[in-house]
Amino acid sequence: MEQRRSDGSLRHLITLEGLRRAEIEALLDHSQRYVCLPGATPPTNRALAGKSIGNLFTEPSTRTRVSFELAGRRLGAEVLNLEVQLSSRAKGESMLDTIHTLESLHFDAFVIRDSEPGVVAHVAAHVAPHVSVLSAGEAHLSHPTQGLLDALTVRQHKGGDFSRLCVAIVGDIRHSRVARSAYEVFTALGVGELRLIAPSGLMPASGEFPVGKRHFTPETGLRDADVVMMLRLQKERMAAAEIPDGEDYFARFGLTQPRLRLARPDAIVMHPQPMNRGIEIASDVADGPQSVIRDQVRNGVAVRMAVLEAVARARPRPS
Amino acid sequence: MEQRRSDGSLRHLITLEGLRRAEIEALLDHSQRYVCLPGATPPTNRALAGKSIGNLFTEPSTRTRVSFELAGRRLGAEVLNLEVQLSSRAKGESMLDTIHTLESLHFDAFVIRDSEPGVVAHVAAHVAPHVSVLSAGEAHLSHPTQGLLDALTVRQHKGGDFSRLCVAIVGDIRHSRVARSAYEVFTALGVGELRLIAPSGLMPASGEFPVGKRHFTPETGLRDADVVMMLRLQKERMAAAEIPDGEDYFARFGLTQPRLRLARPDAIVMHPQPMNRGIEIASDVADGPQSVIRDQVRNGVAVRMAVLEAVARARPRPS
Amino acid sequence: MEQRRSDGSLRHLITLEGLRRAEIEALLDHSQRYVCLPGATPPTNRALAGKSIGNLFTEPSTRTRVSFELAGRRLGAEVLNLEVQLSSRAKGESMLDTIHTLESLHFDAFVIRDSEPGVVAHVAAHVAPHVSVLSAGEAHLSHPTQGLLDALTVRQHKGGDFSRLCVAIVGDIRHSRVARSAYEVFTALGVGELRLIAPSGLMPASGEFPVGKRHFTPETGLRDADVVMMLRLQKERMAAAEIPDGEDYFARFGLTQPRLRLARPDAIVMHPQPMNRGIEIASDVADGPQSVIRDQVRNGVAVRMAVLEAVARARPRPS
């Protein structure tokens, strides 16, 4: 799936794969201008006035859906939550018929979350030239705006030179779209070292994450890390027999204060949420001074504003 | 149900029955000004600023609900989706109590879709004088804005003189509110010939559609038609034993390229959607050059803007 | 739960307990400016422009949710309906994580309805200093905006001197948050006499409603009342064995015309809705000239506008 227009500008955002470092940095710079401190009035403008954005979430989500909704509205767009099924079997209406119908109602962008690989790209490949498609999470494969908000969060705390940083991703990497998009964005930004810490059952297949150094215990993997990125156990993507026992998992991989002390003293702790407290992460770490988990959420709105504006800006005039 | 005010202006839109030709043409003219080509920015204004519109859809719908929602918002109104049951048994709250409650919250119009005949008119008969009620589809009986958008679509492609046109309606006419509203609007506009093509089990009762010429095969019915309007099989309104076998139905009534060649070479193909491809219509016809199916959707927003504005415009000042 | 800021201004509205008479009267005066007669265009302003309000309703509600939504929008705020579970067991995401996540998306206020006692106050105790929490109904305990709208309705019809009024609350007082908030507001306003009329099984525990005079029949309780406030049978809060037989209940406690004649000839009849007609109240009374039930709904939007503005107004600037 080509997500660019013929002039090279970004039309869709389906994956972070193939985005150049300068492009990502420009998106992060743009996002930074929309970051809003707690209690401040969020910046708004009319950049997308007259535009309509459709949210199509076929997997449950609150944070990401609301984040896109607020991002669109704060740019002056209409945002509608469209409760449609993208599966081709739903109500005898095929997925593309649904999309073309919505398109004919004059939506300028669709934000899609789907548990089936390829659906987002399939839609993007078939919409009219003036329509953009943004992934809000695709199966276990990709969650590009999450990758960008994670990069923005790291940059805010650790500066823009990623070559000096060691990032440790911990937990259910195998089933995580968050990890895959983080991997793409951090390697594009030239991260110094990237570690994958997981039990073997949750480690990705051997061909994936080629640059990542694999650690099977946090005791080796967390040492001197600058960034500790915890993941959620994606139980809904595991067979029953694969689901680890919570207590046992916490004992072996949960991020506790003692384990966190293995990382650098100024290491930051991230989690994409929702958290399983006491399974992936101890509450005192999640709420502790090194946690930047709420920054991630806050940055999410800023990143989505920047992305919505970026794909809209270069939109060609209708012929 | 009288849908006019005492001065003759349209207050509700429950049915197209009784609308004069000049009135329909004025609505179509008005709609045409809101038609927006693919990729263009939809026209917006503040004609309904300060107004609140409530969507009450008790049957599932995406296209029509979203279409009304966008229409209202593009005229500056607040549009709220109200998830209420209009059935009198729901939660001990009677239908009229619900309506009066919503009315007291200052809604100016209700858009209602309901599977029960008479509910829309019942509501319209009981709301306060300043409130309008618009049908978004009533049982198998009526879908007036669909009728108007179908007429607008025909007019765009075939011009305004309906007396020169032969319109063929094909398929499950018996259970179709789309067919009934199409019949009303096309006869009001003085259509030259109107044909009903269906197997006997899906043909309407003998008193209905008095002007329609009945054909029991597409081979006779489609000959030299200017407009071929396909209908969806309304399986949800049939007893299990009535539902035709899909393959067999397609073989006998599905619109294929060979069958379409029976019509005039410049005939247009319509379908209200959602389509059962391979049952009512072949995919190459649905997506072919004679198909105006996407125009219908596009015209839907324009027609609903015109209708919302029409019923609001003549609204009396409160006493 | 302290619902005030250190300067004494109202930050949250969880309960009417502890509100001073002058404060309540100021809120009612403010509300009165937002009251909109049937058919008039509702007043709007931009007092909350740039603010975002999240509706979190974990119990079904149409009237109150829509009322808050319209109130927020008519003040220029963004209002989002957030379909989240506040229960700590939902999807492994704890209630406070959910709230902090939403907070990080820059919501300025949460409107919460929950069936569990304490949830609203718990959230209020943990949100950031610039965030307000408004109860939209808490278990059987409290429904403060309903109390205010009831007081506003009485004041419109009976004037501001509550010491001259006798208010009779009739029905399922034991399970009613409406009754508890009514009790608080009427006693704060110095009501002359407050009567509780219920069968013993629906009478509140003996320590509650200390000022209320208990009557076990409407025949004694309604005599010369100025205000007759009927309640809904809260069957969903009763064990099956507790639920009274409808016909029997109506015979003993239903408000009929003959019973209403026991009250003062100019008595007003109230009901928070939804009504069980023929169980709590006869239809001719509900729709009769003494009924102010629709006024209550109308006043609900006005009161919620005033409350939203009141908690926003004194909000401290971010540090």
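Residue numbering begins at 1 within each chain, and the chains themselves are lettered A, B and C in the order written.
In the analysis below, a contact is a pair of C-beta atoms (placed from the backbone, for glycine too) under 8 Å apart; a residue touches a chain by one contact, two chains touch by 3 or more.
This structure is a prediction, so every number in the text was calculated from the model and none was measured.
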Same vs different contact residues, subunit A with subunit B, by half of numbers used: different
Angular offset of subunit B relative to subunit C [C-alpha, multiple of 5 degrees]: 120
Computed distance of Cα centres, subunit B from subunit A, in Å: 41
Multi-partner residues of subunit A (each touching 2 or more other chains): none
Touching residues (chain side subunit A, partner subunit C) in the complex: 36-42, 44, 60, 62-63, 66-67, 69-70, 73, 232, 273-277, 279, 294-295, 297-298, 300-301
Subunit B to subunit C touching residues, read off their complex: 50-52, 78, 80, 82-84, 91-94, 97-98, 100-106, 128-130, 317-319
